[in-house]
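So that you can tell them apart, the chains are marked A, B, C and D in the order they are listed, and the count of residues begins at 1 in each.
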Amino acid sequence: MPAKKDVDAIIDPKGSLEILSHQEIARLTDTSSSGLHELFRQCALAVLNTGSKLDDSREVLERYKEFQISILQQDWGIKLDLKQAPSNAFVEGEVIMGIGEHLFAVLRDIVFFNNEIERLVKHSGDKDAISNLVFHILRNAKVLKSSSKPDLIVCWGGHSIGRVEYKYTKDVGYELGLRGLNVCTGCGPGAMKGPMKGATIAHAKQRIKDGHYIGMTEPGIIAAESPNAIVNRLVIMPDIEKRLEGFVRLANGIIVFPGGAGTAEEILYILGVLLNPENKGMPFPLIFTGPKESEDYFSQIHRFIGDTLGFEAQQLYKIIIGDAKTVARTMKKGLESVYQYRKEKGDAFYYNWLLDIAPEFQEPFEPTHENMSELKLSLELPKHELAANLRRAFSGIVAGNVKDDGIRAIEAHGVFEIHGEENIMNPLDELLKAFVAQDRMKLPDENGYKPCYKIIK
Amino acid sequence: MPAKKDVDAIIDPKGSLEILSHQEIARLTDTSSSGLHELFRQCALAVLNTGSKLDDSREVLERYKEFQISILQQDWGIKLDLKQAPSNAFVEGEVIMGIGEHLFAVLRDIVFFNNEIERLVKHSGDKDAISNLVFHILRNAKVLKSSSKPDLIVCWGGHSIGRVEYKYTKDVGYELGLRGLNVCTGCGPGAMKGPMKGATIAHAKQRIKDGHYIGMTEPGIIAAESPNAIVNRLVIMPDIEKRLEGFVRLANGIIVFPGGAGTAEEILYILGVLLNPENKGMPFPLIFTGPKESEDYFSQIHRFIGDTLGFEAQQLYKIIIGDAKTVARTMKKGLESVYQYRKEKGDAFYYNWLLDIAPEFQEPFEPTHENMSELKLSLELPKHELAANLRRAFSGIVAGNVKDDGIRAIEAHGVFEIHGEENIMNPLDELLKAFVAQDRMKLPDENGYKPCYKIIK
Amino acid sequence: MPAKKDVDAIIDPKGSLEILSHQEIARLTDTSSSGLHELFRQCALAVLNTGSKLDDSREVLERYKEFQISILQQDWGIKLDLKQAPSNAFVEGEVIMGIGEHLFAVLRDIVFFNNEIERLVKHSGDKDAISNLVFHILRNAKVLKSSSKPDLIVCWGGHSIGRVEYKYTKDVGYELGLRGLNVCTGCGPGAMKGPMKGATIAHAKQRIKDGHYIGMTEPGIIAAESPNAIVNRLVIMPDIEKRLEGFVRLANGIIVFPGGAGTAEEILYILGVLLNPENKGMPFPLIFTGPKESEDYFSQIHRFIGDTLGFEAQQLYKIIIGDAKTVARTMKKGLESVYQYRKEKGDAFYYNWLLDIAPEFQEPFEPTHENMSELKLSLELPKHELAANLRRAFSGIVAGNVKDDGIRAIEAHGVFEIHGEENIMNPLDELLKAFVAQDRMKLPDENGYKPCYKIIK
Amino acid sequence: MPAKKDVDAIIDPKGSLEILSHQEIARLTDTSSSGLHELFRQCALAVLNTGSKLDDSREVLERYKEFQISILQQDWGIKLDLKQAPSNAFVEGEVIMGIGEHLFAVLRDIVFFNNEIERLVKHSGDKDAISNLVFHILRNAKVLKSSSKPDLIVCWGGHSIGRVEYKYTKDVGYELGLRGLNVCTGCGPGAMKGPMKGATIAHAKQRIKDGHYIGMTEPGIIAAESPNAIVNRLVIMPDIEKRLEGFVRLANGIIVFPGGAGTAEEILYILGVLLNPENKGMPFPLIFTGPKESEDYFSQIHRFIGDTLGFEAQQLYKIIIGDAKTVARTMKKGLESVYQYRKEKGDAFYYNWLLDIAPEFQEPFEPTHENMSELKLSLELPKHELAANLRRAFSGIVAGNVKDDGIRAIEAHGVFEIHGEENIMNPLDELLKAFVAQDRMKLPDENGYKPCYKIIK
């Protein structure tokens, strides 16, 4: 198929209420390094590149380097003026409405989180400031919903999964949707799209018109995992750590489908947080699930968790294989405990304030070669610290695989080196090899996957 | 899988405004032969039997012969009290909201069309009375939508189709939905469900919250083709002829997917109507389409039409193979002509008053053995009369295949005999054999299909 | 002020869903005596004549004898084409939206009730048929609201009242509205408009966006009492008797403000119905109220009821003077009994099926000179029969005062003669004289009021 | 009437989306001097004191000194817990919904403007920062509406006006509402309430369900001018200058009804701003209007403007006496020029960015005795500077009349002294005397008005 022609278009915020002040427009238009324009341009591009088969951020940015976006102030509001935009976002020259909304969501969040970071986060390590910041961003994005029951399920899993696994994520989403539950994912393809599709059909059958399909992303990953248009609440968090905090505070329960390094990062994050003694006894429904064909995958994950974080960590989740209906029922039951617990403690259903998230899970980790090679991976660490470091290791691998900065760093300095005790390095090595063998690292292409890391035992 | 237990439940008209007068309740409760209770019970059962694998009406009625439904008058309205209802319609003991709505739609239509028939149709053969009746039923069911552009596509095709064809009907529905079009079908499974599913996903992406998914059925067929829950406007027409008139007057364009005898009946109906000299020159977008795998199927249909109705009839439709996007584009373009034509003639977008439907297409055809054997099938007839008789022949075969009365008639008196000229009987025989070979007559079961007819050349 | 120029305009059913069949358009366009066109024209004229100071139907019809209305069939629905319409209904050449809606309500009801009468009312004296008919008309007009509590208050009272009384009706409406109650009136000026205005302000304060302001009228009276534009559910009943039945079946409670002959007719109707032994024990909140200045008025009414219908009838209502808040509170409390009673009996909140209405209150009374003079007014009659006859007497006076037919009859044949026993005729005479003295018979004009009746003792 | 008992109640944010972060709750609960609790308590009290006859802030605070408010964090959001609240806000123990919304608006704005002031206004005299701040507060309060036409009319005028003037403000509001226009006022009684009441009735007739009734106030004045419950968008600005900037940037046109010192302050503000040479040529519809009875009042205002600001200033407004319809028509026409101008300049309809507001109109003026006595009032000043100083003089008088701080200052230090040239002092003196004579300074009470100022010529 010949490349489709890029598109020029003016986008109208139909149904959106985005109204910007002069100051905000100035910042979005500021192309200097302190300005927000380039950040805005890149996120907008990612949004428009929906449905693309490309998950290499650098390639995306290269491919559309002529893409331009500017803001037109109009009498009744603002418009966006696009030049050379990816054609995927358009049907017969008209932008898909959902994608148009995403563009304005990007605008809203970038303006907002920059203002708020400036105001709130005076010094690093201020746990509460960060939790409040995450809250404010989510509220501003209209993602916090005052509802009478916990009903939001976060679904994690890989963007690069096979047809059978994908079908299964749809089935689970369908069963969740039939039971009136809403879905939040990382908003790209694969396991992030399937549950939303399933839930959409189920919500149509249940006449639920305001189903929430929340997509939560961050500027580094968005280009690799373009939001799918079903997402009707898109949020751009400032970085991966705030995105992860957003997921776990928003979630009334979490379902993990098969995935690669990113999914492993997510699993280690939630396990690390739940292993924190402060969080002991808090009900947190956590289900790992996949079709019968993924049984081995989860056996290996389960083993890896046992080898590194131990038996206690294995008690925090439940593995259900090949039974979408049981997944939904188990989750629904789990939500009952969440309901009781929050009611008792007077905590909000829409934001888990009670969850204690330690600084090592909040502080942004920059995956430089140095930082990666210095990660301490030893069984002598307290379990949640080990989880934090393993999380960082996987975070670095994700960056090296699909993020623009990471890919450039690998090109410049070679692969990341990850050091650690053998009894951690061995299962880690195996797990990563399995991810590669199963095409879970990146969307498969003709060149095959080239690892961006080296395990040093 | 063991049979699931039948369900007892009280159904509440959530979101529905159905309010009945004492007189109406009395008629629905009247179990005498002049009363409506048995008709109501059978249609309600069909609605509840959603998603069933059974398309034999008689078996459905047998299987659920203990099913009971009654009306409870409450202070704020009415409720339905169900005993021994099919469990498919329920999730964790709660009726699926869409199915609940369908039950009240059944109630509304049965009450209404009985009143209206009584009032309007004083003597048979009153063309205008029937067209007005069809209009009133559709209006009462809130199916007539005053919109600024023609946008309703009727999709026909079999309830028994394979996975590849089914996937294709979803793709076409998706492309229609992306372009803002709405869908009307006969409301059962297969080609009647796929386009709605595809359109639902596309409408979600386009943020179209009030997509119309119209299902039009009639008491004879509903048990064999239970409405799927996506249908958000269900209409029960009094009989197959009024249902067909409803389809063609409602349609701004028609897409035909592969199917069996019912689909053939529909094709012959619309071709017969369009061949009527009174309708000459009226734009009526009509597309036959299927995946690459269905190319032969449509070749044969095309040949059959050529052999029986001739070259002129072949000019009335367009065949597009394996290209969902082109189907949607072609349809969209066709709607432009419809728009121009109706504007010019001052006709409504939502009801094609201008279409002339001759009495032979309006009068109910009762498929008795006698009527079937006396059908005149000869090339000497005017084309639209031949089309009318062929339509009747297929209608009878559908009855013999899946309708309760038809199946009982076949059991009692043996197969229908269809007589006619050899140059019609031969292609007809071939076509029917192909339907059988391709499992299009009925949903496949272990016993295989046993024809309910015999072609006498 | 010089007469304002009449207006030509095309009216678009914005927000309305009125879609007509060819058959219905034909009937509305039919200017023969069996057709509906003249009826439609007169009602439409009345609706457009909103806010007029004229309450003489004949004069209204004369003044606008050039007024024309026709129906335009359009691609997307219908429009109304007006010629020489009263300018009151327009602001800067645009019809007031509420009045535009009223025009389409007129259309809807006239079409509907003609169809239904034809279908339902096979022979006179069929009580149930009439009650079902009234129900069907109200349902079709979307006036029956399935709500969780009884909340609809019917307000009666004169169209010709003074400023102080008018202000008081607003106060009562305000207090009802603050308590979440809805209002139904006869939809003209005076006591029919004040409560709606008050309720509108209160509903705005209570953020009730879907307040019901029901106006119920009939073709004979509408020209004298043009609906005010606040009415957001206008219903045209076929005649005065069905309108009265509509009021009392719809009402969860009734408030009577001061008024003239029409108000007396209403009071006698409800008392007559409640005196029916079949209705004994049914809670029916009925309050007579006015400002301090109206105390004498109600004393006289109370005395008249005592003199004619006796002590028992006086127990059926409560008189509250000059205390709007207490009126609203008393009514709210009364609704509690209605709630309990209907719940217990399984009757609907939105339609009082249990109320027994005897034939003498259902049968249309034609106020000819002969019928008027033959009314039997004697204390020997059972109370509810006497009430029925007194009701007819006042009904005739209303016709002679403001209805087109009545005024013409008086012109042609002189005043109505009303005969009866002296102990009825005396209080009746006094009451009527008081109405005249207080300007309650008609809107005051320079010529003063000329009685259309003569009391023969 | 005995004093009504104060009320204890829990208020639920029905329909509101207010969700607070822990940080925000902490600030609102902080009773230290740097905390927001006392500010919140006072504004909440003012809101609850709706419909009171008291316009002396100090007395209000005294009367309800036992009033307490606290925030309850709940599972699904927050609630407000009130103790000893004014009973006016309640109907049968339930808070009037509009007042409940106002409480949450207070909460929202106090939290928000404190955050924003902190972030935006780094140093005084930053014109753009203040204009952006005002914009952000209005946007956050959902007051900025992206509409296709300019339609927001700011109405100014006194809280203490007579019945005839009040009725006239309703008539004007009614005519504005019939023409689809929205209303913004200072949200107290009198001329701030009448136009909203009129518009509410007109919007009901025009079926406008989302009419905007914006009330804009500030913590100093709110206790003297409690918002009326019709206001459906209440905004608390940080101080009087930002409130005035809010009014003139939000307004598409301004109507001034009769009033006292506060109205004079507003007139001088808008004239001062429009006299700024930077604003020359900008269309800004400005109408002074009242009933026939107020003709003298406006003659005197007109003369005062001529005497102080000169002929040019008199060209900026139009005086229309006793003709509500012409006011509405003139305004509607004026909006056409606004529409053209903003379209041409690419400025927003909902916020007048182009208006240049000089620092002397933005900087908060603290009405101490010293500041008041040092005001320079001389004809030698440029006109817009003189306007600025006259504005400050009236602002001080308002404070001395009704604001808590001002009243206390007068008690402690005697009346304000206002110095100036005789040819300004004389007309000023006359104007103030007229305000006193006409009861425009304060709501009349038995003690009569005691001036808080002295004119030193």
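FYI, contacts are C-beta pairs under 8 Å (C-beta built on N, C-alpha and C of every residue); 3 or more make two chains touch, one makes a residue touch a chain.
Please read all numbers here as calculations on a predicted model, not as lab measurements.
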item: Contact-graph distance - origin subunit B, target subunit C; value: 1
item: Most distant chain from subunit D, judged by the mean position of its C-alpha atoms; value: B
item: Inter-centroid spacing, subunit D versus subunit C (mean Cα positions, whole Å); value: 44
item: Where subunit A and subunit C are represented by their mean Cα positions, the distance between them in whole Å; value: 63
item: Subunit A-subunit D separation of Cα centroids, rounded to whole Å; value: 46
item: Shared interface positions of subunit C, touching two or more other chains; value: none
item: Contact graph of the chains (line, ring, star, complete, other); value: ring
item: Pairs of chains in contact (touch as defined earlier), listed by label; value: A-B, A-D, B-C, C-D
item: Residues of subunit D touching subunit A in the complex; value: 17, 19, 21-23, 73-77, 115, 118-120, 128-129, 131-132, 135-136, 139, 142, 144, 146-148, 339, 342-343, 346-350, 353
item: Of subunit D, residues touching subunit C in the complex; value: 15, 91-92, 96-99, 101, 178-179, 197, 200-201, 204-209, 213, 229-230, 232, 329, 332
